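In what follows, chain A forms one complex with chain B and a second complex with chain C.
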Partner chain A sequence: MTDLDRATLLDQLLRHVREELATGVPPEQITADAPLLEMGVLDSVRTARLLAHIRTAHGVRVPPVHMTGEHFRTLDTITDLILLLRSPTASL
Partner chain B sequence: MSLYSPVADAAARTPDAPAVHDLTTGLTYGELDARADTYLAALRGRGVRPGDRVLVWTDKTTDAVAVGQAVLRCGAIHVPLPRSNPRERVARIAADARPALTVTDHGEHVPGLLSVPCADLYREGAHGPHAAHASPHPVRPADPAYILYTSGSTGSPKGVCLSHGNALAFVDWACRELALTAADRLANHAALGFDLSVFDLYAGFRSGASVHLIGETLAQAADPLVGFLLERRITVWYSVPSVWVLMAEYGELLERGPGALRACVFAGERFPLKPLKDLRRAWPGVRMLNWYGPTETNVCTSYEVTAADLARTGDIPIGSPAAGDTVTLDDGEIVVSGPTVMLGYWGGTPQDGPYRTGDLGRYDADGLLEYRGRIDDMVKVRGHRIEPAEVSGVLVAHASVRDAVVVVAGTGLDARLHAFVVPETGWAPEIAELRRHCARSLPPYMVIDALHTVRGFPRTANGKVDRAALGALVSSGVGV
Partner chain C sequence: MDFSLSAEQEERYARTREAARALSPRASAGTFDGTVRKELAGLGLLGAAVPEECGGAGLGALDSALLYEAASDGGADTGLLFAAAAHLFACVRPVLEFARPATRKTLLPALCSGALMAGNAMTEPEAGSDISRLVTRATRTDGGYLLDGVKSFVSNGPVADLYVTYATTDPDGGYFASTAFAVDRDSPGLVAGEPMEKSGLTGCQAGEVRFSRCFVPDERVLGSPGQGQLVFQASMLWERSCLFAIYLGQQERVIRRCVQHARERRQSGKRLADLPPVADRLADMKLRLESGRLLLYRACAEIDAGRDPALWVALAKLAVSEAAVTTALDAGRIFGGRAFLTEYGIADEVRDALPATTFSGTSDIQRQLIARELGL
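And then the complex of A and B:
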């Protein structure tokens, strides 16, 4: 996985959360390192929708064991999680 | 019989049976019992006495459960606070509960509060002078066991205090009602500070079954929750209806399930009829129970959904009295008396006689109770109980806000908290800033979703704020 791929993935996630999730948070405040849970961006409905997006757009179904505050702290950490789950050596 | 006996009893009977699991670790009954004793020694070493309050402000982990058991064994009062409570709210709860000790598993700290990390407490217990022969403090059924803090209409959280006997009356009824056995595997979806978790933990332990903790982040994630239900071969799952609806809508619940599930139980809000019928139709072999009761009484009525409900055109009833309680209507208000009714609000006068719920009810043609809404302003958002006055109280503490009224608009998954705000002269309140402000003082589910700046509030004929008119403004989509 190259840095460019990572940047593209992060960019797609940022766009999705800013434009599709109706978070009530101004788009410019949703950044790669914005604390999603603290800002109230990820409630149960929006988490469900974000996971559905990750599944359809990025081909990854997040297993329960990875649904932690650590992995879902920011869009940066979510990007890392998707890359981890997509890598063939991922230990699940 | 005390609320700590079930774990000790199961440990004596089946020490190697699984008791409690979180996402990473699991404890057998023998291990949970031993850890509870170690924590008990540590609490005593710290000078915690019977009747003292101990705040447990942690993630949902097996250790948080062991600490809770230790607090009960100490004869002290368990105050579970989900990790997502912000510091300021914990401080306000602490000001009310006046705890002897606060146990955490994170770096956050409330000034003036004596707190200790879980891991340190465990070490103290394992190596301290009290380590050997930690025998539990004998308790009576009427002794307080735990305090659950809920939203308060006076602007501060209020502590609902329940006794060992209150909890056991419900737990024993629930074990019988669901015929729980040691072979059952219960999911724990609700936060430990929320009364649904009393069923998961204590009915589980009472039956010698295993309890599978769902952390706060996983609890929000519909699709992985379905994975969890299947992987853990859950047999009994209790949660608010919106969790079932989200799992069906976003997690292919009906197609992937039910796995080993034999009972799904829900409470806390109405279950929208269509998804309920879908569930019933898809899983005819799974029992479905609709429970009702405020935190002050835990569950006091129950209704079992059957194939006959597929013909319904209106909401299912909340059913008939449960857990040994007597439930009546007084001028349309649901009134509860019996063994599950709380001791009282912490710091308030003891609850004497029947508890008036503030919920409205009526009997259907079969003599079953139906839920008809609230007498006051209290609202539910995805099963979370919210006093709008607590949220508006936080809003008016912001420099830009002169006055505020909070209403809920929409139902079920679409329920949103709307704030109507009269600004201070020269200020223009901003939604992002007010949300940050709310998040500093309130749990995530009480943070406002939308802001409407107004010059004044509509009033009723007798001068009160016309909340219905504000709600109507939101639903009509009219800019205000």
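And then the complex of A and C:
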């Protein structure tokens, strides 16, 4: 995984959250390091929809052990989580 | 694609249905004493979906559902089966899947044998069953948490020895705002209320549970702090599929009675069965039962296969619960005036079916879940 790949993945996630999740938050406020949980972006319904998107669009199922606030704090940390789970050495 | 049950499943179904007929009358009266617990455990209902090494029967979702369907088909009280299923799917499963190893080792054998009964303390007077808006708070303290709040409609609340409950630990945590706990009934600061007066599912006692600076040690946290939503959703996948097999058995039983009544009862010299509206109604009842059954078995098969069952579980819950209500009302139409006589038990079937479209997430919520799975 190169930095470019990571940037592409992050960009895709940014676009999905801004355009598809109906967060009610102005798109410019949803940035890579915006605190999604504190902003109320990731409530129960939108988290479930984001998880479904990660599963269908990126082929990654997030196991329970990784379902923590730490991993879902920002789009940066979510990107890192997807990359971690995609890696062949990921511990599931 | 083979839709038939295996010989082992057929045999277990028949054995359970027969044994359910012999349940003591106390089991229908909302009495959850040692005798009733022993009977339920003897049928495997309290630990069906728990590995044998933990004291359970080692069954998967489909076989657990079949067990409950068979017990209901055999005539076991719907409320009593609801009580056992709430214990198993909403409480024991979360302990199995999310408790620490030492806690699992301590609790699971007792939960499977009925030595401990569990209550599902999720719903709140203000928040309903919306886990993202829980008023109950868990405050961090040395070695654990202090719980404060009130839970309502706690299934098995008045008789449980252990409660699986959920509280907000991080109000700004969004999806990760809540944490799940397994709390002993005799914990200081926990008060279980009296049974509510319900009109249906009377075999399951329900009531309030109040927490007032109730200490819960860290080892009784289920999952990690902030994973309450995850624990609850996992338990709901089991409850919305396996528990609702009770309503398959109920419909099977109700339709059987209606067929018998339509064949035997004569009106104006004709059998009811020969009246097209009656026969048509019974055909519709059978269609609803079998449609729901296919969906419920599919949902269970998805769980057993380790695939994402969310769509199938929501479809099954919606179909089976709505079918249960409509079919119970249809039975009332077929039995006519007799449906209002207590001895026929039709009114009881209606009262037991009505809550099915509400608990475990209403029909409207299931439609929302289905829409979400469609990508809407």
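Methods note: the second predicted complex is superposed on the first by the 92 of 92 C-alpha atoms of A that agree within 3 Å, B and C clash if a C-alpha of one lies under 4 Å from a C-alpha of the other, contacts with A are read in each partner's own complex, and residues count from 1 in each chain.
Convention: contacts are C-beta pairs under 8 Å (C-beta built on N, C-alpha and C of every residue); 3 or more make two chains touch, one makes a residue touch a chain.
It should be emphasised that the depicted structure is a prediction, and the values quoted were computed from it without experimental measurement.
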| item | value |
| --- | --- |
| Contacts of A:Arg55 with chain B and chain C, given as first, second, both or neither | both |
| Chain B versus chain C as contact partner of A:Pro64, first or second or both or neither | both |
| Contacts of A:Phe72 with chain B and chain C, given as first, second, both or neither | both |
| Residue contacts with chain A in the superposition, chain B compared against chain C | B |
| Partner chain(s) touched by A:Asp43 [first = chain B, second = chain C, both, neither] | both |
| Chain B versus chain C as contact partner of A:Pro27, first or second or both or neither | neither |
| Interface residues of chain A shared between complexes with chain B and chain C | 37-38, 40, 42-45, 47-49, 52, 55, 61, 64, 67-69, 72 |
| Chain A residues within the chain B interface of the complex | 24-26, 29, 37-40, 42-45, 47-49, 51-52, 55, 61-69, 71-72 |
| Chain A - residues contacting chain C, complex | 36-38, 40-49, 52, 55, 61, 64, 67-69, 72 |
| Touch list for chain B against partner chain A, complex | 23-24, 59, 84, 215-225, 227-228, 231, 242-243, 246, 249-251, 382, 413, 431-432, 435-436, 439, 444-445, 447, 449-450 |
| Footprint of chain A on chain C - complex, ascending | 97-98, 130-132, 170, 172-176, 223-224, 226-227, 229-230, 234, 308, 372-373, 375 |
